[in-house]
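So, here's a batch of structures to check.
Shared between the two complexes below is chain A, which pairs with chain B and chain C, respectively.
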Partner chain A sequence: MRHGKYPLLLAFLLPPLALYGYFVVSPYAQSFLIAMTDWQGLSPAYEFVGFDNFKRMIGDEYVWNALLNNLWLLVLLPLLTIALGLFLATMLNVGGRGGRSTVTGVRGSGLYKVIYFAPQMLSVSIVGVLWAEVYNPRSGLLNSALRALGLDGLAKVWLGDPAYAFWAVLAVMVWANVGFYVVLFGAAMQSVPRDIYEAAALDGASRLTTLVRITVPLLWDTIQVAWVYLAILALDGFALIHVMTRGGPNFSTDVVGLRLYTEAFGDYKWGYASAIGVVMFFVTLSVTVLSLRLTRRERIELS
Partner chain B sequence: MSEQTMDAAVVERGPQKAPIDRPAKPVGGEPGRGRKVFDGTLNVFSHAFLVVWGLLTALPLLWVVLSSFKDDAEILGDPWGLPSALRFDNFARAWTHGNIGQYFVNTGIVLAGSLTLTMLLGATAAYALARYKFLGSRLVYFVFVGGMMFPVVLAFVPLFKIVGGVGLRDTLPGLMLIYTAYSLPFTVFFLTAFFRTLPDAVAEAAYIDGCGPFRTFFRVMLPMAKPGLISVGIFNFLGHWNQYLLPVVLITSDEKQVLAQGLANLAISEGYRGDYSRLFAGLTLAMLPVLVVYAVFQRQVQSGLTAGQMK
Partner chain C sequence: MAQSDLNRRTVLRRAAAAGVLAGPAAGLLSSCALGDDTSGDTSGKYEGTKSDKNPLGVKEDAPLDVVIFNGGFGEDYAKAHEAMYKETYPKAEVKHSAVVEINKELQPRFVDGTPPDFVNNSGAGQIDLGGLVAQGALADLTPLLDAASLDVPGKKVRDTLLPGTVESGSFDGKTYVLNYAYTVYGIWYSSKLFTAKGWQYPKTWDEHIALCKTIKASGIAPWTYQGKHPRYMSWPVISTAIKFGGPQVAMAIDNLEPGAWTSDAMKAAAEAWYQIVKDKYILEGSPGLDHKQSQTEWCKGNAAFISCGSWLESEQKAVTPEGFNMAVAPTPSLGSGDKLPFAAIRGTAGEPFVVPAKAKNERGGMELMRHMLSMKGAKDFTGKVSSLSVVSGAADGVTLPFGLTSAVKALADSGSNGFNWVYNVYYRKLERELVDAACGEFFSGRTTPAEFLAACQKGADLIAADTSFKKYKRSA
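Moving on, here comes the complex of A and B:
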């Protein structure tokens, strides 16, 4: 079987490696070098400036502001999405307490799942444009609903007011992601032996107790994966915010990725932009490693 | 595990069928009286919450579809009302004047190329890495998989320069190659794991029967990997269809834009011009194809995407 493996290895590995090396590995590597220069993009000349870009960043309040927004997202997005996802998945999979010993989903759980998952199909840009219209202060779905209910005072300029824009964007992120985790957690719940839930029901455990004491520990692996994935998403956020607010108003929704983009393609500070990217890489890396470490628990083996 | 699920299945199929259909009123006699009342209200509340979240998800989508038939006066004046007539000309205007048609064609061209390339290069690389040990094979594997750890924005500046350097900036073939390159880490990761699960014996048997290594791959191993290929294919299809970051950096001229990018720009320009009906029609056009495909294949799509996540 090992006979003549080298022609195959060359034919199978060289094209993907060449493409990947040229368009992925090389830019990532170069960005670390460009981060050490004062390159302005438009002119080919640049000087090596060592860590000057990083020193400047420490005093750059725009970068700090963007980073702070990312950190808020990092805390809130996983928390809200996972809590909501677990709750909905519980209802759909083991929420129905039909009869003596049956533990099933509520009625119509299949339909709910299909609906909840639908936003996952839409591109970030569609979600962004759609919600920008929902939030439209004059003709949007949200404000006109509030006015129809007589709550005119609650109708705001959602994306135009620094006090609300961040929360409005966060809500969209949760909206777009919850369905995925409902399905993910649901699949994990299906592999939990039914008798555990039945035993809990027989012992008179309420739904909340069942969720906290049984579902969460048994699904910990899945929750951990969800947490890391959502954390990475929270540290990015570029696409949705680029579509919805471009970081405004007054930088209230600015994130690090968007800062990099603005510095690179707005002001052509390529050296500085790359330095922001390098910082972003290390932040993402340490958050991933940290959240894997912190959420490590003893694994519960089923069966 | 399998025994337990079987037991559960028996129980489910077992004595009573009716209770499943009326879960809103719990009959469960075991818990205490007070808890029963409490659980009852909780049940109503939780079920109401399911409905509320369902509405929150579905209403904005329905609203966009309905609004796409309205004229501007209706959109601005009566956001919750139904359209007074089915104005299909909104779609025609979005398709031609809003350039949605052009964006669709561009996206289709890019996707046809990028998906084919991603699956071909990803499957071959993964197969070579999963089946053969050679000097540096682990290193190559980690170089591929390590790409998943980097935020794509980090590559923006050098990528802009590199793609421009080979004359591929602002071209559709350029996008195909870049999409493929950035999809390889996950595709290789997923498919390597998948090829490793396939039994060695089959490849050995093919070899004994006189199959060369290439034939073994294309005729024997690739067909066996079909479930994995479908999962990662769906994943990549949606990823490429929805891609926004890369075209924003690499495509500048209007007639080369892909759907996700063109739509976002359309939203900005329509905001100035006030042609809302065209914007909603464009949104609907961009939204419906994936939603229809999803409605038909929702089971496969859901399991494909979640399986991709859990690997």
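Moving on, here comes the complex of A and C:
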């Protein structure tokens, strides 16, 4: 039996590995090669230019601007999404105060779960188109609602104003992602023994104290995973921004992914675009490793 | 989460697609995406004997591979042209394909050296023409231009075209691109609205500002613009400057001359246009609207003027009210010192068609162009898609919608004073990204005219100093 095992294993493993190698690993590896050339993507002609593309990037203020926006996203998106996700998950799972000693969510939590999770069902492009209409300064839902409430002063041009466009896009990113983390955190909370929450409630701990002192430490593993996912997402952001603002106005919502896309498909500088991609590869890798390191803590045993 | 991951991958996959498609037989790592063949292989092309009936020497039974952009014009007009070709060469097999994203479809084929014989390189996925020319990927169309017209007796193809057509497709004096549709750029208004209110389209800048005041007083915003694509507003500004300072204003911009954007004419034009920003003559919220949204506000009668090209009428077809009667007019003259008369309007050939340099049936591709450029082919196009073609006189006798009729009239009035610029063709990035961003700031009132022009100049200088952009010069 021992010998017969390997052909079977190989038969199952090799085809997917080969496909993965050909369609994922090989293009990645090639982009490192292309990053060293001045290839323009329309003819087989190219020349090796060494690190010229990387040098050029250092002097490219538009790439720096895009990278800065990514870094803002990197800080704000995980923070806001996780904070909001934890708050909502707490309310839905342990926030109820109705039924005395039992630990439940607030009334109607089932319905809220569906509502929070709904954006997760939509593709990013639909989310983008939807919100571009919501932010329409003249007939959009947001400004119409503000005007109906008599808050005309708060009605802005949103995606047309560099002062608000970035925040408007960030809000959509949080909206689109928070539902998933509400469910993720909710599931993790279900595995926390009820009696811990009951004990906290008996001791008169407020909801906030319960959240900060009990939920967060017990959910740390899950939060860590969420942080890494959201960090990767923040370094991307391409699809949504491409649909909503294309980086405008005046590059205020530009991100590195969009820069890369424009250099490649707009100006046909494939060598340079690949160099941007290579840099992003290392940035994403470092951020992931760093956030895993920084958030490492003692595990709390639950049983 | 899951979806955005996917999209991230989609981008990478696009980047990889070229490579994967280009050389499936090549090794995993060895220059997949880059292709292998660097030699300009000209052998193996289909060639026939030249004659009076066949001035380009097309091989009569050679297959013809045609790729059409399936967008605003559809594909039916192209099928009609192909049918004409089949009539001339019954033995030829014409392979027609209509695609939406030209770049994704064709980029791998260009890299691989097996491009089609004829490409309608248009739409959002248009392959950068400056890049194609710079990389020697396009065939020189001079033989076509010097061939006899198919059905205009005694004339070369070159002589049947509207002025500016050949220039619009020329790079450093050589013609690589046939722009087939003729587009008029100007300021659009509803003649119904203007008649009802008793307004006259203004011929001078002072009249324009006075009318804006009247329009605003009547509760309508005088202007709106395609806020998320603010470059639409660079067109009237540059047009005003050219009419004020003469065609060399455009020439300097196209040739990336130092200070081209901060010339006296550009300053005068920017100062003038700043008035509509300062006096709040622009529909509130315009900077946050995209082209469809702003044009729809205009169609609803919430704004009186909008800057656009003559595709506007068909683009807005679905939302234009009955009897709206849109019309196009030139930009108002700054004053009596203007070098060009009021009637001078920007007209240019657009909708690019190319024959790849490595096309097997290069001659057939050009021959199909010759059929398109016949009077019969052009008339058929104008009738089918409601757009002007570059063949002079081809719109005569064809019934056109209201807006297009006004465009034809504006062109006729403009005559030899018509003008155009091409920096947007040479350097896509300069218009689409840099001037675009500067216009957005300017027309939202966040920058002054001087700052606006400085931003444009900075963009032009950036391109000029960047050796990775091939530079083009024009002298006419």
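FYI, the second predicted complex is superposed on the first by the 284 of 303 C-alpha atoms of A that agree within 3 Å, B and C clash if a C-alpha of one lies under 4 Å from a C-alpha of the other, contacts with A are read in each partner's own complex, and residues count from 1 in each chain.
One rule holds for everything that comes next: a residue touches a chain if its C-beta (ideal position, glycine included) is under 8 Å from a C-beta of that chain, and two chains touch if they have at least 3 such contacts.
Since the structure is predicted, the reported quantities are computational estimates derived from the model, not experimental observations.
**Q** Identify which of chain B and chain C touches the larger number of residues of chain A.
**A** Touched residues of chain A are more numerous for B.
**Q** Once chain A of both complexes is superposed, is A:Tyr46 in touch with chain B (first), chain C (second), both, or neither?
**A** In the superposition, A:Tyr46 touches chain C alone.
**Q** First (chain B), second (chain C), both or neither: which does A:Arg138 touch?
**A** In the superposition, A:Arg138 contacts both chain B and chain C.
**Q** On the A-aligned overlay, A:Pro249 touches which partner chain: chain B = first, chain C = second, or both, or neither?
**A** second
**Q** Contacts for A:Trp72 in the overlay, against chain B (first) and chain C (second): which applies, first, second, both or neither?
**A** Touch status of A:Trp72: no partner.
**Q** Let me test your reading of the model: by the given contact rule, A:Trp158 touches which partner, first (chain B), second (chain C), both or neither?
**A** A:Trp158 sits against chain C, while chain B stays out of touch.
**Q** After lining up the shared chain so the two structures overlap, which partner does A:Asp38 touch, if you call chain B first and chain C second: first, second, both or neither?
**A** In the superposed model, A:Asp38 contacts chain C only, not chain B.
**Q** Let me test your reading of the model: by the given contact rule, A:Arg107 touches which partner, first (chain B), second (chain C), both or neither?
**A** first
**Q** Classify the contacts of A:Val124 with the two partner chains as first (chain B alone), second (chain C alone), both, or neither.
**A** Touch status of A:Val124: both partners.
**Q** Show me the chain A residues, by the header's touch rule, that chain B contacts in one structure and chain C contacts in the other.
**A** Common to the two interfaces on chain A: residues 22-23, 26-28, 30-31, 34, 41, 120, 122-124, 132, 138, 180, 229, 236, 238-239, 257, 260-261, 264-265, 270, 273-274, 277.
**Q** Would you mind writing out the residues of chain C in touch with chain A in their complex?
**A** 1, 3-4, 7-8, 10-16, 18-20, 28-29, 31-38, 103, 107, 110-113, 125, 127-128, 131-132, 134-137, 227-228, 230, 283-290, 293, 297, 428-429, 432-433, 436-437, 440-441, 444, 446, 468-469
**Q** Along chain A, where are the residues that touch chain B in the complex?
**A** 1-5, 7-9, 11-13, 15-17, 19-20, 22-28, 30-31, 34, 41, 84, 87-88, 91-92, 95-102, 104, 106-107, 112-126, 128-134, 138-141, 144-145, 148, 175, 178-180, 183-184, 187, 191, 193-195, 198, 201-202, 204, 206-207, 222, 225, 229, 235-236, 238-239, 242-243, 257, 260-261, 264-265, 270, 273-274, 277-278, 280-281, 284-285, 288, 302-303
**Q** Okay, in this complex, where on chain B does chain A touch?
**A** Residue list for chain B touching chain A: 1-2, 4-5, 7-8, 11-12, 16, 19-24, 26-32, 35, 38-39, 42-43, 46-47, 49-50, 53-54, 56-61, 63-64, 75-77, 79-80, 121-122, 124-125, 127-129, 132, 134, 140, 143-144, 147, 149-151, 153-160, 162-163, 177-178, 180-182, 184-185, 188, 203-204, 207, 212-214, 217, 238, 241-245, 248-249, 259-261, 263-264, 267, 276, 279-280, 283, 286-287, 290-291, 294-295, 298, 301-303, 305-306, 309-310.
**Q** For chain A, which residues are in contact with chain C within the complex?
**A** So the residues of chain A in touch with chain C come to 21-23, 26-31, 33-34, 37-46, 56, 120, 122-124, 132, 135-138, 143, 157-162, 177, 180, 229, 233, 236, 238-240, 245-246, 248-251, 257, 260-262, 264-270, 272-274, 277.
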